[in-house]
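The next part holds the structures, each set out as structure tokens.
Heads up, the next two complexes both have chain A, just with different partners, chain B and then chain C.
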Partner chain A sequence: MNLVVPIKLVPDLVEELVIDASGARLDPDALRLKLNEFDDHAIEQAILLKEKGAGQVTVVAPDIEGVDDALFTAAAKGADRLIKLTGNWNNGVNNHALARVFANFVETLRPELILTGVQAHNDLDGAVGPQLAEHLGMPYVGYVSGVVVFDNKAQVRKEFPGGLIAEMDVVLPAVLGIQAAEKPPRYVPISKVRATMKTAKLETFPAAELETAGAPTTVRLFQPETGARATMLAGDADAVATRLVEIFREQGIL
Partner chain B sequence: MNSDIFVVIEHLRGQVSDISYVMLAAARGMANATGGKVIAVILGHDVETLARDLAADRVLYMEHAAFADFSSDAYQRALEGVIKEHAPRAVLFGDTTMGGDVAAWLSTHLALPLVSACRTFRADAGALKFVSQICGGKMMAEGDLPAPTTLVLMVPGGYKPEQGRAAQAPELARVNAPALDDLRVTVKDYVEPAVGDVDVSKEAVVVSIGRGIQNQDNVELAEELAKALGGVVAGSRPVIDQGWLAPTRLVGKSGKAVKPKLYLALGISGAPEHVEAIGDSEMIVAINTDPAAPIFDIAKFGSQVDMLDLMPVLTEKVQQAKGL
Partner chain C sequence: MTIPTITNPSFNETFYASLQTPPTGERVRTCLQCGMCSGVCPFGYVMDFPPGRMIAALRSEIFDRVMKSDTVWMCVACYACTEVCPSGIPLTEKLMARAKEELILSGAVPAELQLALENSQRYGNVLGQSPRKRADWTKGIQATVPVFGKEKKSAEVLWYVGDYASYHPRVQTTSRAFAQVLNALGVDFAILGSDESGDGDSQRLAGERGLFEVLAAKNAQAFRKYKFGEIITTDPHAFNAIKNVYPTLGISFPVRHYTQFLAERLEQLKPLLKQPVNGKITFHDPCYLGRANNIYDEPRALLQAIPGAELVEMSHSGKTSLCCGGGGGGMWLEGFQWEKAHTRTSEWRVREAIASGATTLAVACPYEPPRFEDAVKTVREASGMEVRDVIELLVESMEQ
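Then we have the complex of A and B:
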């Protein structure tokens, strides 16, 4: 089974987000990028599938700063092939362009199953997965939290609101948008990632030309207007706890 | 150019989802600006029941056995023809576990632009603009809604569902469904949410934990606090995905919506997927070390103390207050 996981990096929301002088995008110099957490789940799900049977996991990513770490970490977890797509990624890229680039390359790998994060917090033009599926003529199911593979189909668990789960059959080859792997993404110690860096090979291939059509153009970025912001309670844990007990009393909770 | 606004009605097992009414409310404002009509599109069974309170000018519906359950494959094929034929100014989908599987595929297939995470629209000198909520609710992105036709995935929060309901059923118009044989995506069965556990949507006090809980051992601190307050522990997505709480305790987009007297959010950032499920709480108190956490925008009271420091102290003080 040939499993392919296209991944992307997104701004780390722990850092302060700074809008650049144009007012329409985040200042790239102030950004720290990290692996989209849903893609981390997609990698884990692919490795779990590999561990249940024969298979090869290939992780594909745009060649941008920080991507080597993400790829080596995937290898330390059990990914077999690491691929960087080189291109002019400097000006940022939307998901329409990314899906075209992934489709163009992934086709050459002849995958049976493509697993990718169901969404990313900076998606503004839909998720990559369903677009990739369309380009490759494959079916797509997103919000998946469990996958079993048979001969020519995947049996997946798809989440609906309210905790309802549908068990669905998907004909392979297919693209799945992973919401959560069956088990939480495994932890690998830095030492193991470092050791992997010495042995694992990063392959590079040129990305197809970026075609950004299909996404809207942001003309203005701004922080959400906040209405009545929370009344902040000052002091240490003891002082805050004392105040909260008073508030709970006033509200009839205690 | 067609100035109508189409709304793809989302329904699951005979129930129209709230997001459908939110979209109808948004569509009315857009149609007022474009001079078009609001057209609801239903793929399903028993359309009269589904359509009875939709605030739309007209309903286009397709009936087919394949729509008894949600299949992305069936929806994609069915909507492709409708959108191509009518080429409306915009087609709204819920940015949900259903709409998300369909709209991006159609965008690529029909070469039509797509805007996701859209919260509100506004009209500026007749031109429609979208405002989307991104980066976990920390950033809004505004831009022009590309003409002539754009597909839009909408999140809740910008419009009230009541504004999308009408007293009178709209006029229904049937459209023939295309051939839907050999579907590549089919529902085999449903797994109901586990019964036997508490129903967090019915509790008066919910102590909810997020990423800030750090590890499974700390969950006990939240359990003790919840017990002292006479409530239950719930969690946001990362906590459930780690397996630290049962999936029945998930509050958010694919979990439960809650409306307690007290929602105590501990170490929860307040991503839109979470916030949409707690808006009906009587009082939200948020504890988070990140001063920029969006949760503080909807909480009544907040504090930046470390939740791990706070929980044992608060448990003790609550117990004292109750004379325990």
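Then we have the complex of A and C:
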């Protein structure tokens, strides 16, 4: 079975987010990118399926800084093919454009199952998965936290709010938005990643023209502003704690 | 007669052979099965295979059973077994660390440890903080802390700060105190700021040797960028790595722990120690200062120089010091180890400190203030016990 995992990198929130001079986007020079956490789960789920005998795993990503590490790590975990899509990613890309690029390319791989992260913290215009499914004319199930594949269908566990879990069958080929892999993404020792870097091949293919239609335009990006109703407590930890307790008393909570 | 050749060595055989590297590795064959290692081990009673039994398993060719047990992760790399072993077998460095390494290679890594290792891989520090903010602890403090590449190109002393001393809010207090002491002594020093990476020693002893090598290489690159006479550090783990292990990777720089550096300047320091620090103080020997590197006198000499300080010893002290539980990955296996043992060595240690009659527990390792302060909170009879790095006590005594 041909398992394909489209992934994307997102800003690492460990670093400060800086808004650039245009006031409408993050300063790319201050950004540090990391693999979207849910995509990491999608990779893990695909490899778990492979280990159960379900075929080969191909990971596809836009060719941006930091992607090599993410791809080599995926290979060290067990991914078979690593593909970078080259294009003009410098100005950032929204999910409408990314989903089209993925759809365009992934079609050529003739996937039977596409697994991708159900969401990312920088999704402004919907998740990649459903859009990808729409372009490919495949069914989509999101918030998936378990997959078993049979001949031409997958049985998936989908999480609903309130702790409800549904089990449903999907006819393949299909796209799954992975919420969590059956097991947490595994650790690969650095020695293994380094060995993989020497043997694994990164394939590159040109990405289709970026087509952003349908996505919103960001007019202004700004830090949360202090609202009139919020009171900021100043001073050292003791002073703040004392005042906090007073406020709780005044409000009748304590 | 034909000598039979082993064509397909078993995992048991390759593992056993991998331990027997010079200069001391082959001593593993001389294990007497005396059991002293397992007896002295703080968590030996929880381990399915404490060191001696692990060697017995290797000899019986049942090492696969060791690999099926997760209690190897109880090892906090405290060197107690290595210290007592009559055959001089490098149990901590070789046997235990290699067993953990094999577990990591096989993918059996406790989740908490995984996070710490991933943080070290990605950010160069185990706390998962921004590497750009590594020197942020120096902001807004009175002491001057020059950074190599910014304020200085060369200095007599390169202060290797380390992960916890850079990022952990409690340990930053120690770092600030050390900056004050260096300023007061007029030492020409600088730190590496964001050029610095974690020393990697505890990652190595938790079995992630490759990660250790990557971090060591990064630090070597930073060290080589600047001119300095020696490295000093407040972190015994970093001290141990730079002193004993980096050289095996071709990275050789003179290094000392701050207690050595300050003890040498005791005559200069003494007149500055004006304020009495009253009460009994007991000193906890950090494993990587004491057992791993035989430094016992210097921290005590510093404490004794403080007016009013009365030094008392705990039942385990010096070579027999009881580990705080933070080494060899213990810092990042808190929940895992609690589940197995339902106790913490830091709590035992705090009880010993109380029994010694001390009101202050003095330490000299960045793992310790947070660990012991937590223990003080959970051990009822310990309330009121102060946990202070030796540097913090020196600064208290220096203050006007």
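To be clear about the criterion, the second predicted complex is superposed on the first by the 224 of 254 C-alpha atoms of A that agree within 3 Å, B and C clash if a C-alpha of one lies under 4 Å from a C-alpha of the other, contacts with A are read in each partner's own complex, and residues count from 1 in each chain.
Basically, a contact is a pair of C-beta atoms (placed from the backbone, for glycine too) under 8 Å apart; a residue touches a chain by one contact, two chains touch by 3 or more.
Being a predicted model, the structure only gives us computed values, none of them experimental.
K.L.:
Let me test your reading of the model: by the given contact rule, A:Lys158 touches which partner, first (chain B), second (chain C), both or neither?
P.N.:
After superposition on chain A, A:Lys158 lies in contact with chain B alone.
K.L.:
Report for A:Ala208: first if it touches chain B alone, second if chain C alone, otherwise both or neither.
P.N.:
A:Ala208: touches no partner chain.
K.L.:
Looking at A:Leu109 after the superposition, I want to know if it touches chain B, chain C, both of them or none. Which is it: first, second, both, neither?
P.N.:
Touch partners of A:Leu109: none, neither chain B nor chain C.
K.L.:
Look at A:Val14 in the shared chain and tell me whether it touches chain B only, chain C only, both, or neither; answer first, second, both or neither.
P.N.:
Both partners, chain B and chain C.
K.L.:
For A:Met197, is the partner it touches chain B (first), chain C (second), both, or none of the two (neither)?
P.N.:
Neither partner.
K.L.:
Give one of first, second, both or neither to describe whether A:Arg186 is in contact with chain B, with chain C, with both, or with none.
P.N.:
Second partner only, chain C.
K.L.:
Return first, second, both or neither, reflecting whether A:Lys34 touches chain B, chain C, both chains, or no partner chain.
P.N.:
So A:Lys34 only meets chain C here.
K.L.:
Tell me which touches more residues of chain A here: chain C or chain B.
P.N.:
Between chain B and chain C, B touches the greater number of residues in chain A.
K.L.:
Just to be sure I read the superposition right, which of the two partners does A:Gln251 touch: chain B = first, chain C = second, or both, or neither?
P.N.:
In the superposition, A:Gln251 contacts chain B only.
K.L.:
Is there a shared patch on chain A that both chain B and chain C touch, and which residues make it up?
P.N.:
14, 16, 184
K.L.:
Quick check: in the complex, which residue numbers of chain A touch chain B?
P.N.:
Those residues of chain A that touch chain B are 11, 13-14, 16-17, 26, 37, 41, 95-96, 99, 118-119, 121-127, 129-131, 133-135, 139-143, 155, 157-171, 174, 177, 179-180, 183-184, 213-224, 226-227, 229-238, 240-242, 244-245, 247-249, 251-254.
K.L.:
Touching chain A in the complex: which residues of chain B?
P.N.:
Residues 12-13, 17, 69-73, 96-98, 100-105, 107-109, 111-117, 130, 132-146, 150, 153, 184-194, 204-205, 229, 237-238, 240-243, 247-248, 250, 253-256, 261-262, 269, 271, 282-283, 285-287, 290, 292, 294, 296-306, 309-310, 313-314, 316-318, 321-322 of chain B touch chain A in their complex.
K.L.:
Spell out the residues on chain A that touch chain C in their complex, using ranges where they run on.
P.N.:
Going by the criterion above, the answer is residues 14-16, 34, 184, 186-187, 189-192, 194.
K.L.:
Give every residue of chain C touching chain A within the complex, in rising order.
P.N.:
Against chain A, chain C makes touches at 104-105, 107, 109, 111, 114, 117-118, 121-123, 128-130, 132, 208-211, 213-214.
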